[in-house]
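In what follows, chain A forms one complex with chain B and a second complex with chain C.
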Partner chain A sequence: MKGKFVTHEQVFTWMERERGLVVITERAQKKYHHLLPSHLITVKTAKELFFSPWEAVYRYTLQGKTWVIEEKVEHSSFPSFLVLLPCEAKAILEVTDVNFMTEDTPDLGYARRRRGVTLIIVGCERIEQTCFCSLVGCSPFWRHRESVFLFPWKGHFYLEDGEEKLSLSPFEDPQKAQAVETFFAETICTLPLPLPANFPEKLYAHFDDPLWQKMAWHCVNCGACTYLCPTCYCFDLSVDGKLRGLTLHTWDSCMFPKFTLHASSHNPRPTGKERVRQRVMHKFSYFPLRNKYYGCVGCGVCREICPVNWDIKEVVEGMVRQVER
Partner chain B sequence: MNGEVGIRIKEKNIYVPTMVPILEVIQETRDIKTFRVQRPSSFFYHPGQFAEIFVPGKGEAPFSITSSPQEERFLEFSIKRIGVVTDALHRLNPGDSVGVRGPYGNGFPVSSLLHSSLLFIGGGIGLAPLRSLINYVLSPQERINFREIILLYGARTPQDLVFQWELKRWAEHRDLTLWVTVDQGDSSWSGIVGLVPEVLKKVVEVEPIGWKSIVCGPPIMIKFTIKALLEMGFQVKDIITTLEMRMKCGVGKCGRCNIGPYYVCKDGPVFSYQELQEMPEEY
Partner chain C sequence: MYERALTELASKILGEVEGIIGYAPGSLPFHMRPFLCQREEDIACLSFNHFARPNLARYLLTLEMRKKRVAIVVKGCDARTVIVLLKEGQVKRENLYLIGAPCHGMVSVSKLEERFGVLSPPDFVWEADTFTWRGERFAIRDFLEDSCERCAYPNPPWYDALLGEELPKPPVLPGGRDYLGRIKALPLEKRWEFFAQEMEKCIRCYACRNSCPLCYCTECFVDQTRPSWLSQAATRNENLFFHLGRSLHMAGRCTECGACERACPLGIPIGLLPLYVEELIREHFAFEAGMNLDTPAPLLTYRENDPNEFIR
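Here is the complex of A and B:
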């Protein structure tokens, strides 16, 4: 049995003490404001801590007749712990890390910030109406060997911290830990079943399905979902300044027409249909075909914030019916 | 605190270009110029790969490298004036500098072309990526590894033919058969007139066994040329082409140049027609 227990006070006091080093996501804060310190620094999405919405990569300056390039290196202090929900952690560990931390060509800005940060995953006691994590291989109790896991259990926190990254001196209670494990296993059995086996391959075969037109028609391509999505990692490199300026690494969105527009004015994804199909296919087919995990963690944030109630879960379930037909 | 990590770990930032001087600018056509720039040290590439060129204050864009990798001192890029970055590039002169980062992409599958006869088919500026491989296979060290070499090149009008100086050299080269055609001739033109796919069927007489064809040009030309090659009996795996896409990072991270699960910047830009057939038609 690897799990131990700590009191609410122990966790609360530890976070109070390490305050400047602990950052919490807004969603985790909202869920556990009664158990955790209320004045921790918050981030809207976990990804933005490492994958900055706006970051200067280098500065260029015209000095006399020559251009001088200076790489921008961050020297500011950076947090060491990020408190987040299981789906948000899965998005970091199995999607954005996979994209940015490749061995041959790591994205240095991301890698520098990400390396020193330990993820503290707080399991979900309650499942929101918009959640659908069990469909895509996540769960309210999703854990990862490199991260710390906490779960509120009868006045205590159940804690998994094999490498003792949090100096909390937990106590053991094998019987209670067994009860927690049983609760996890039993709850997972009651959740909706995962997407069918080989769904990425099957969906890929339906690239030309006329259903995409129907699925896409009411999406307004505003891109709000991609900005708040914990896994969306598309970015742009652009310049700001003429004789001296910065090359910027900024968030971008596959929902925007200019995202794929060629200089020749040809656009391989000219309408909303192609762009919506790209968004769904990338998460549910292309990304898993390349990297084995889904590019969606089922957090339901996009369903919550969409101004026109475009619903990715309904679309995916519609495609499941279509491919299984 | 890990703020000092950035100082301790001295790693290469993949998005930072190397500034190099422009050595020479050649006006190819009304709107195409070839830029010869100094080759950065430790810039090793294969024919068919591309690089990102940075114009300070304007931005960055990907261009295929048109010089052969055997040229040790310089890199060449042939660039059509079409957008913000290319417009700025066209205003530059020898002595000005540009940023280069790369090389990126897979390049032509040179090892699978060994001991084959090669049929190059180019249209317009599409000759630029082919030129790197043509000069590579024509080099004295490499020529022995390839059999017959044919180049069929076409442009809209005689004024739109790029690399006219190179075409003259190739025409005199005894190891290469050159056919040049234009869609529309004029009084100065005494050569072939006709669209590339039609000319291909008329003048190029090859038994496709042992041949590989490398095609690059505007999408419509590629489409009809491939059709003609298939009619001539070429196998889908023996037809190779190179694609264009809007790109930013060049390393498969920024997420815009994919066709299905393949990134054109990383898995491409060179694909066989067989591979293209298995991909969704979104390019």
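Here is the complex of A and C:
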């Protein structure tokens, strides 16, 4: 699709006007604070808007001899637009949506919040040291037909908004639009190549590779990476209260021993090795084998925040070499 | 820093010990990572500098390490942590060889970024107490991690071998730089406001607890279900309950290494709570955790003839 152009002012004013309806991720805010309004509501991760760190699913009470169960539906107003980076958008569209909005058993809370929110993807002018999106099918200019795409270009914003969700009255400039396309294509050619096509299958076969032990060694299983990862979607259900209370839906992580602890006290993932392997396998093998996309979007957040510099990119590249041997 | 001393020592003791837990350059600039040196050819990887942040004592607790005789590189706070682990019977003296590294303080990446924007490694030249950035000189002490800013013990109180020479005891910090002091100086309602705000942010990922080398319980109180002490909902009050609970479990044990707050992905200065508890312990028991093997730890010691009746 050929894009159009809008001025910085137009975008800025539009966001100012729709302020109550626009939410921006902290990473997008950090990157584009000089072009976008500074007081938009920010979220640490995009996923938390739809997949809450904790939420009550049911309220239950024992009345006489019967349990009364009500579904808990929140009625708070919800944003209409979410401004985010390409990798963050891919994580929503091709990972968490795929997981939670299945046809047979959708997650009702997620679907309720997710519906009606338009993603405004702002492409990346600068690639950070921790980014590796091009390895996993994403790119600094990753777009999606149902979402709006913006990219700062020579004093303007390049805009793709086929469905005119933003009502911005952009102007056309086919020559300039062509230049943007060429720039995208040329830049993508300079980025590191994607992982080998059959990597998920090959990795699957290396479940018992002794290399896992070595690679997992220095991860302390703190779980910070999975909580901030835009694609990690694991959750736990717990009850809070005896005769009356709430059924809670809270974030969880495969980094924790309790994640797989059986009632019998057997734990199939007893040490860091099994847990780290699960994190890598889930993202780079199980998820893509089932859903065709990688379960990692290469955003590099986990690389940046890990307190001990455990580096998923390095590990995946190490596994690529290992499976090719 | 200390590379020569480190490699010389490592070549001498490898064999006597099954491995050396130390630091090696990380995959990103301004990061060092924990490294297990087990073979001759690994020795060259061992190094130490202002980015050797992780407290390696954590690694002594893995099953694999508990069975081995290992050497471990320790800064002041890390050595104190090892001493606490020894006192609590988590590790065995005969299985350990402590390589002390007098510490000039660990540099915080976020503080560098605050001052210099996007960081480029070639812009920096590092020395022990200063560094230059594009030729301009700065003092390391202005860019230290919060926990290092107030550190009183850069030298390991106990070691089998020391890299370099002991450093002079750091000067008492002038009022403003000590971050616990800053919070304590606030009036009560401001303090509450500060903590309420921070607790609001916490997502209860438990990264603080999980990276703490002294939070080694097989089942933490927050994970217990019979009874269940707190709700899994990450609300302000429940979060505060978790953190206060954890601080109390740290009383007289926390060595102020800052591992918890460096792990927090939301940048919550969660170390403040255990730090404050340690201050109370100093005040009431004249005790500091991990300074030696002999002084009994105040809250872990029971005596039949305790002068206080309530405890007997």
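In the analysis below, the second predicted complex is superposed on the first by the 324 of 325 C-alpha atoms of A that agree within 3 Å, B and C clash if a C-alpha of one lies under 4 Å from a C-alpha of the other, contacts with A are read in each partner's own complex, and residues count from 1 in each chain.
One rule holds in what follows: a residue touches a chain if its C-beta (ideal position, glycine included) is under 8 Å from a C-beta of that chain, and two chains touch if they have at least 3 such contacts.
Worth saying up front: this structure is predicted, and the values here are computed from it rather than measured.
S.K.: Quick check on the superposed pair: does A:G155 touch chain B, chain C, both, or neither? Answer first, second, both or neither.
M.R.: In the superposed model, A:G155 contacts neither chain B nor chain C.
S.K.: On the A-aligned overlay, A:T130 touches which partner chain: chain B = first, chain C = second, or both, or neither?
M.R.: second
S.K.: In the overlay, answer first, second, both or neither for which of chain B and chain C A:T250 touches.
M.R.: In the superposition, A:T250 touches chain C alone.
S.K.: Considering only touches as defined above, state whether A:S238 meets chain B (first), chain C (second), both or neither.
M.R.: Both partners, chain B and chain C.
S.K.: Between chain B and chain C, point out the one touching more chain A residues.
M.R.: The partner making contact with more of chain A's residues is B.
S.K.: Looking at the overlay, what does A:S80 touch: chain B (first), chain C (second), both, or neither?
M.R.: first
S.K.: Using the touch definition from the top, say if A:N221 reaches chain B (first), chain C (second), both or neither.
M.R.: After superposing on A, A:N221 lies in contact with chain C but is clear of chain B.
S.K.: So, does A:E274 touch the first partner chain B, the second partner chain C, both, or neither?
M.R.: A:E274 contacts chain B only, not chain C.
S.K.: First (chain B), second (chain C), both or neither: which does A:I305 touch?
M.R.: A:I305 sits against chain C, while chain B stays out of touch.
S.K.: Per the definitions at the top, what is the overlap between the chain A residues touching chain B and those touching chain C?
M.R.: Touching chain B and chain C on chain A: residues 236, 238.
S.K.: Any idea which chain A residues touch chain B in the complex?
M.R.: 21, 57-58, 60, 62, 65-69, 71, 73-78, 80, 99-100, 102, 105-109, 111-112, 115-117, 204, 207-208, 233-239, 241-243, 245, 247, 249, 252, 254, 259-264, 266, 268-269, 274, 278, 281-282, 285-287, 289-290
S.K.: Can you tell me which positions in chain B touch chain A when the two form their complex?
M.R.: The contact residues of chain B facing chain A are 1-7, 9, 11-17, 19, 54, 56-61, 82-83, 86, 95, 97, 99, 219, 244-246, 248-249, 251, 253-261, 280, 282-283.
S.K.: Taking the complex as given, what residues does chain C use to touch chain A?
M.R.: Going through chain C, the ones touching chain A are 26-29, 31-36, 53-54, 58-59, 62-63, 203-207, 210-211, 223, 225, 228, 231-235, 259, 262-266.
S.K.: Would you mind writing out the residues of chain A in touch with chain C in their complex?
M.R.: Touch list, chain A to chain C: 44, 53-54, 56, 129-130, 217-218, 220-224, 226-228, 236, 238, 240, 246, 248, 250-251, 253, 255-256, 258, 271-272, 303-305, 307-311, 313-314.
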